[in-house]
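First chain written, first letter: the chains are A, B, C and D, and each begins at residue 1.
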Amino acid sequence: MNGILSRETLVKWAPLMVLLILVLFFTVLEPRFLSVRNLARISVSAAPALMVALGVTFIIIMGSIDLSMEGTVSVSAVIFAFAFLYLGGTLFGLAWLALPLAVLVGAVIGLINGIVHVKLRIPSFMASLAMGFVGTGLALLLTGGDRIRVEDEAFRGLLTERWLGFPIMVYVAIAFVLVGWFIQSRTTLGRNFYAVGGGEELAHASGLNVSKVRILGFMLAGMFYAVGALLAVARIGIAETATGNNFMFMSITSVVVGGTALWGGIGGVWNTLVGVLIVNVIGNGMVVIGLPGYVQDAVLGLLVIVAVVLSTDRKSISFVK
Amino acid sequence: MNLERIKPHLPWITLVSLVLIVGIGDSNFLRPHNLISMVADIMPLFIMALGMTLVIFIGGIDLSAQSVANMTTVVATVALPTFGIGAALLCVVAGLAIGAISGFITTKLFVPSFVSTLAMGGVAYSAAQYLSGERALYMDATLRDGAFGWMVGSSFGIPHEIFLGAVLLLGTLFLQSRTTFGRALKAVGAGELAAVASGLSVTRIKVLAFALSGMLAAIAGLLFSVKLSGGSPTLANGFLLPAIVAVLVGGTPLTGGVGGVVNTLIGTLIVAVIRASMLYFEIDATMQQMIFGIILIIAIASTIDRSKLRVVK
Amino acid sequence: MYELCKVDKKFPGVHALKEVDFFIGRGEIVGLVGENGAGKSTLMKVIYGAYQPDGGTVTIDGKAVRFQNPRQAMEHGIGMVFQEQSLITNLTVMENIFLGFEQQFVKFGVVQWKAMAVAASKQLAKVKLDIDPSTITAQLSFAQRQLVELAKVLTLEERVDGDLVILLDEPTSVLAREEVELLFKLVRDLTSRASFIFVSHRMDEVLELSDRVYVMKDGAVVDVVSQADARIETIQHKMVGRNVDKEYYREQKQKPYRPDQALVKFDRVSVNGKYEDISFDLHRGEVLCLVGTEGSGREAILRTVFGLETPTSGTVSIKGSEIRKFSAQSGVERGVGYVPRERKVEGIVAGMNVYENMTLSQMKNYSSAGVLRIGEEKDLARKWVDRLAIKTPSVFKDCGGLSGGNQQKVVLAKWRSGGSDIILLDHPTRGLDIGAKEDVYDMVREMCDDGVGIILVADTLEEAIGLSHTILVIKDGKAQQVFHGKPGDKPSLYDLVHYMT
Amino acid sequence: MSFIKQYIEQEKLNRRNFLFASAAGLGGLAAGGMFGPGMARAAIADPTIAWSYRNRTNPYWNEIVSGGEAFVEGLGMSKDALVHLINEGSSEKSLADVKSLLARTNGELALAIDTNDAPNCRPIVEAVAAAGGYVSTIWNKTDDLHPWDFGDNYVSHMTWSDEKPAEETARILLNAMGGKGGVVHLGGIASNNPAIERLQGLKNALKDYPDVELLAAEPADWDTQKANQVMSGFLTRFGDEITGVHCANDTIAYGVIEALRAEGIEDMPIVSYDGNPQAVQLIAERKILATVFTNPHWGGGISASLAYHAATGAFKPSDEPNEHREFYGPTIMVTPEDAVEFKAKYLDNVPTYDWTDYWGPSNGQIQYK
C-alpha cells in the first residue's frame, strides 16, 4: 500500500468516490438521473443546505457544535422578508438593503450564541440548542405564524433565471463556497479554527485569544446560515417560521459524511460540499428511482453510515463518541 | 456558604425554586393531585431520558430514541392481539437490537454516535411506517386492559406510570452505582484510555450502553402507546429534544463521566415545570418557545458544574 | 536584567510562593530545581504572565512590569517552551511557529503563505532544523517537534527589542541522550541572544547546562549555587531536606531472580512497523529493562505483552501457555498489569475516586453477579493507602486531584492488589519528585521479593541500570545487546549508549 | 395535614370510580361517570376557554384560531381570553399541557382540540372528563372512541370527510388533463387520516379515467420545502409524463408550484385542499384549479362554542342525538369561476357566524367503514 493508493490518499478522496459511486448507481437504475435538468434540481435543493452546512463546518472544525441553525435561518428569513417588503419589495429599489440586513441578523444571532457559549461557559451543544429554541420562537413571535410571500421577479430570478442550465442561486452558492474556502485557507481566523480544533489549551498557551476565535466562529456561522435562509426564501418564495425546519440534523450529517471529524481539526469546506451533495443525491435519487416512501428513511440512514465508514481513517483514531 | 459545596445540589435547588415560583404565581399548581398527575404524564419522556443518560454519560448521544419509541408504539399495537403481554417483550427486544446495532456501528466502525444513531433512527422510523401500513392504529380496549392495564392503573392515589418510572430509575441507579457495568460506564465516560489500559472491554460496555438506551426508549414508547391506547409512526414525535434537554439540564453534560440518572429525574421535572409554567403564567402562545429557550439557557447555566469540565467546547 | 523581588503568591489554603527573589542576567542559563509542589511551576507561571503575583515586584532592566496574560509577557521578550508537547499537530510547522502572531503576514485580510514560509525557514535555521515549514507537524519526530517549539519561542527575537528570557520546562523528558546533547549545544549557542531558565527533574542535566541553579523548597528559594560549586547530592539534600545516598536505586535490596520460573517468553516476535525478531524471557523476581531511544519499539513490546498489540509473527507465551488471543482483557486475566506513561490519561481515571480506580481492573473480585461489594472495595483501598503511604484525605477523594506520585501509587496498588505478577512499567517515575521516585523504587524491589516479574522502560539510563537485573538494548526495533547486572557489577552508561545509537 | 390526606382519598376514590366506569364498557360508562367529579358539577359559570392545536406556522391552524378568537370576542371578552396550547407536533406535550391546564383551572375548562395523533384522543378525553371539564375534538380520533360514551363531558367530535371532496377536485384535475396522461400525488404525513382519505379520493376518481396513470404518490408531510424536493424528484423521474399534480393540501401545492416555476413550467394543472387565502388567490390566477375550503374559521369557533355552551349548561350534550355528537364539517369547493366571489364572501370579510347555531353548516353524522 504505497504510491498513489496509500491509505491517506484513499481516505482523503473517499467522500468524492462515494459521491461518484452513488451518482453512477442511480444513473444505472434511472439514466435520467444524470441529465443536466436533474443535476440542476439537485443543486437547487442542495444550495440552502450547503450554506448552512458551510457555517457549521467552521464550528465543527473548532471541535464545537452548533445546533442553532434552524432558529437562525428562520429569523433571518423572516426579517429579510419583512424588510424587503417594507423597503419596496423589489430588488431594483431600496429593498436590496434587506439582503445585507439578513446577513447582519444572522451575525448578531451567531454572536449572541457565541457569547452565551463562551462567556457563560456552557458547552456549545447546550448553548446552541437553547439558542435554536430562542431563534425559532423569535421568528414565530415576529410572524405570529403567518407566511410572508416574496414575489419580486428580480429576487426570484435567483431561481428562475438560468445560466448554462443552472439557476443563478447555484452560482451564488458556489461563490460562497469559494468565500468559505478563502476564509478557511487564507485568513488568520480560518487557520485559527484549525488551531483551536487541534488543541485548544495549546492554542491558548501560544497567546491565541481562543474566546475571541470561538465567538467570531459562531458569528461567521450565523452569517452563512443567513445566506442559506436567503437562498431558501428564493427557492420557495415564502419566509416563515418553518423555513429553518430540518436543517439541523441534515447539515451536521452532511458535514460528517463529507469527512470533517466531529472531534475537530480535520476537514473543511470542500469536504462539506461533497457531503451535502452526497446527502442530496441520495434524497433525490431515491425519489427518482421510485423507492417507496416508507423505506426512504432507512435507506438514507444506511447509506450515510456506509459513506461515513468509507471516509473515516480508522487507523488514526482510538475511539469515537 | 461555600460555593463548591452548593454546586452538586444546584439542579434540585433550581427545580425547587421553579416549583415555588410557579406555586407562588398560582397555588393550584401545588395541589398534590396536580403535581402527581404532572409527574405521571412526564414518565414516558423520563424513561426515554433515562436511556439517553447512559449514552450521554459515556460522552455519546442517542438520536434514535424517538424513532425507536415511535416504532414500539406501532409494534405494541400491532402485536397486542397476537401476543398479548408478549408484545412488551417484542418491543423491548426490538429496542435493544436497534440500540446494540447503533453501538456496534459507533464503536467498531468509528461512526460518531450523532450520525450512527440518527441513521438507525431512520431505519426504525421506516420499520414503523411499514408495520403500521402508514396509518394510526388503536388498541382494542379489552385486550389492552387485559395485557397492559397494570401499566396505567392507579394505587394509593398514585398512577402506575410513576411506579414504573420509579422501578426503572431505581434499576438504572442500581446499575449505575452498584454494579461493575455502572463503574465501567463511569470509567469509559471519564477516561476511556485509562479504561482500556485497565483491561476493561470498552467496546462491550459502550454497545451495552447504547442497547440499554434503545431498550428504555422502547419501554417509553410502549408506555406511551398503552397510555394512549394506540400506535402510529409519528406518535412519539416531540420526545427527542425534550429528552436531551432533560438530561443536560439535570447536569449530565456531553463531556461524559459526570451526572447520572438521578440528575435526569430532576432535569425531566425541570422541563415539566417550565412547560407547565407557560400555562400558569399565561404566556402568549407565540412567545412560549422563545421564553422556553431563554429559561433553558438560564437553567443550564445554573445547573452545570463547570469545575468538572476541562475545556468548554 | 530580569529580576523578581520578594514575589509572593497565595492560593486558597496554600502559600505557593514566599517572598521569592530571582535574578537572571543577560546570556545566562539558570537552572531551577525542586520537588513537585515546591513552587517551581507557580514561579514559572508568574514569570511568563499566567499568574499575577500578590506581592513583590518584577523588573526588567530596572523597570517595573506587570503582565496580565502570557501575551503581554511575550511582548516583553519572555517566552515559554512547554513541558508537554505543545504543538498543534494538525497545523503546519510554520502555522505553529507563528500561532497567534499571524497578523504580520496578512495583507488586505489575506494570509501570505510564501512570506510566512520564508520567515519560518529563518526561525528553523536558528535551531538548525532543516525541514519544509509547510510540513504537517504530526509527521515530525518528538525531537524535531521540541526544536520547532524552541524556534517558535525564538520568534520573540524579531518581535521584541530588548533581550529574551526563555523558559524551558522539562524540555528533555521525551528526548534521547544524543538529542539532549544537540539541544544543549543549541541552547549554549543561543545564549548570545537570550537567557534561559531551565527546569528539569534530571539533576545531572541541570548541572551540565546551567551557570547557576536555584533550589526551591516549600515555595521558597532555599539555595542558589553556581555550576562550579554544585554537587548533585548537596542540591538533592536541600530539595528534600535529607540525604539521597548512593543507594538511591535500592541496589542493596536487589536479589537474584529465579531463572527456573519464566513468566513471559518472547520467541522471535515481530509487529510490523514497530519491532522485529525480539526474543527474551522474564522470570519471577526479575526486572527486565528495555533500553532504546524514543520510537525504538520499547513501548510496542510492552503493549504486546499487555495484549494491546497483536504480533505479526513469532510466539508469546505467558506462564507456560502460548497466547493466541491478544486483548487487554485477556492480558489482565493472565496477571499482566500495565503502568502507562501517560499517567493522567491512561493510568488513572480523573473523576473517579481512589477505591474506584483501585478496583477498576479487578471488579470481578469485588462483585457478585455484577453487583459490586463496595464495602470490600473501600477496605482494600484503605489497606493499600496505608501500605503505600498514599497521601489522600480519604478513599473518596477524586484521583484527578492527587499529586503525580500518589496517582502512580494508586495505579501500582491497582495491579498489585489484584494479584498481577507481571508488571509493565512505562516511565514509572516520569515527572515525579525525588521522594516519590524513591517510593516507586522501593515498590519495585518489594514486588520482586514477592515473585513478580517487571518489564521496565525507564525514565533515565541511570534508573535503568540501577533497577534492572537484565537490560535489553533495542535500536530501530531490533535487539542489539543484552546486559546482566548484579549490585556492584552493573553495565556503565557508556556501554548502553554505545548500542543505542 | 389532614386535609391533604382527605384530598388524596377523595381523588383516589374518584379515579377508581372513573376507571371502573371505563372498564364497565359502553353502557356502564355514562352511569359510572355519574360518580366522577365532573358530574357533581351541574354547570360551570365561567369556564376557561382553550384551543389546543399543532403549530402557528401553518395557515390552516391560524384560521382555526381566528375562529376560536372570534367566538370568544362574541361572548364580549377580549380575544386574549382564549388560552392557546401549542403541541408542536408532539402528542406528549399535547396531553401534558391539557392536564396542566385542567389542574390550573380546577377542571373549569371548555376545551377545543386537535389531539395531533389519533391515539392521543382517548387519554385527553378521559383526562378532561375525569376533571369535570368539557371537550370538543376535531380531526384526530380513533374509531372506537365516541362522545356518547362519556356522558356530557366529551361534547362532540367534528371531522371532515375528505374522500368525496378530494375525488371531486381530482375530477376537475383529470378533466383539465383531457382525460389522459400521468398524475402524481403529493400527500401529507403518511399516517394522518386526512392524508389517507385525500389519496383515496384521487384513486376513486381515477377509476373513471382509464387513460390517466397514477405515476407515483409520496408523502410530503404537509411541508412546502419537502413538497418542493419531492416534486423535483418526480420531474426527473417522469419528466413530460407528468401532466397533472394532485396535492394533499395547499402548503404542498406552494412547494409544487415553485418546483415547476424553477423549470419554467407555468401551466401544469394542479389541485389542492384546505382553501387557504393564498391558495384562493392562486386559484383566481388559475395557477391552482381547485381547492376545498373546510371553513376552519367556523370549525375553530364552533368547536370552542360547543364545549363552552355544554360547560355552562346552555345545552345538555347527552340529550342530543348522535349526529349532533359526531359530525362532518362543511366543505366548499373553490374553483377559478367562483374564486373571486368566494374570496369576497369568506376571506376578505369574515362572515359573522351565529355561534349557537351548532350544527347548521355541518354535513351529517360520521360514518365508519
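Couple of notes before you dig in:
Just so it is clear, a residue touches a chain if its C-beta (ideal position, glycine included) is under 8 Å from a C-beta of that chain, and two chains touch if they have at least 3 such contacts.
The shown structure was predicted, so the numbers you read here are calculated from the model rather than taken from an experiment.
Contacts with chain A and chain D are shared by B. Ranking B-D and B-C by contacting C-beta pairs places B-D first. For chain C, the chain with the farthest CA centroid is D. Between the Cα centres of chain B and chain D there is a gap of 31 Å. Once the centre of each chain is set as its mean CA position, chain C and chain D turn out to be 71 Å apart. Chain centres here are Cα means. That of chain A falls 44 Å from that of chain C. Chain contacts: chain B has residues 129, 134, 193, 196, 286, 288-289 touching two or more partner chains.
The residues of chain A that reach two or more other chains are 140, 144-145, 293-294, listed in rising order. The set of chain C residues that touch two or more partner chains is empty.
Chain pairs that touch one another: A-B, A-C, A-D, B-C, B-D.
Per the touch definition, chain A reaches chain C in the complex via residues 182, 186-188, 191-192, 194-195, 197-199, 202-203, 205-209, 265-266. The touching residues of chain B, counted against chain C in their complex, run 174, 178-181, 183-184, 186-187, 189-191, 193-201, 257-258, 308. The touching residues of chain C, counted against chain A in their complex, run 70-71, 74, 80, 82, 86-91, 95-96, 99-103, 106, 109-111, 113, 152.
Chain D contributes residues 55-59, 61-62, 190, 216, 218-219, 223-226, 228-230, 232-237, 239, 254-255, 258-259, 261-264, 278 to its touches with chain A in the complex. On the side of chain C, the complex with chain B involves touching residues 306-308, 327-329, 331-333, 338, 340, 342, 345-352, 356, 359-361, 363-364, 367, 370-372, 374, 414.
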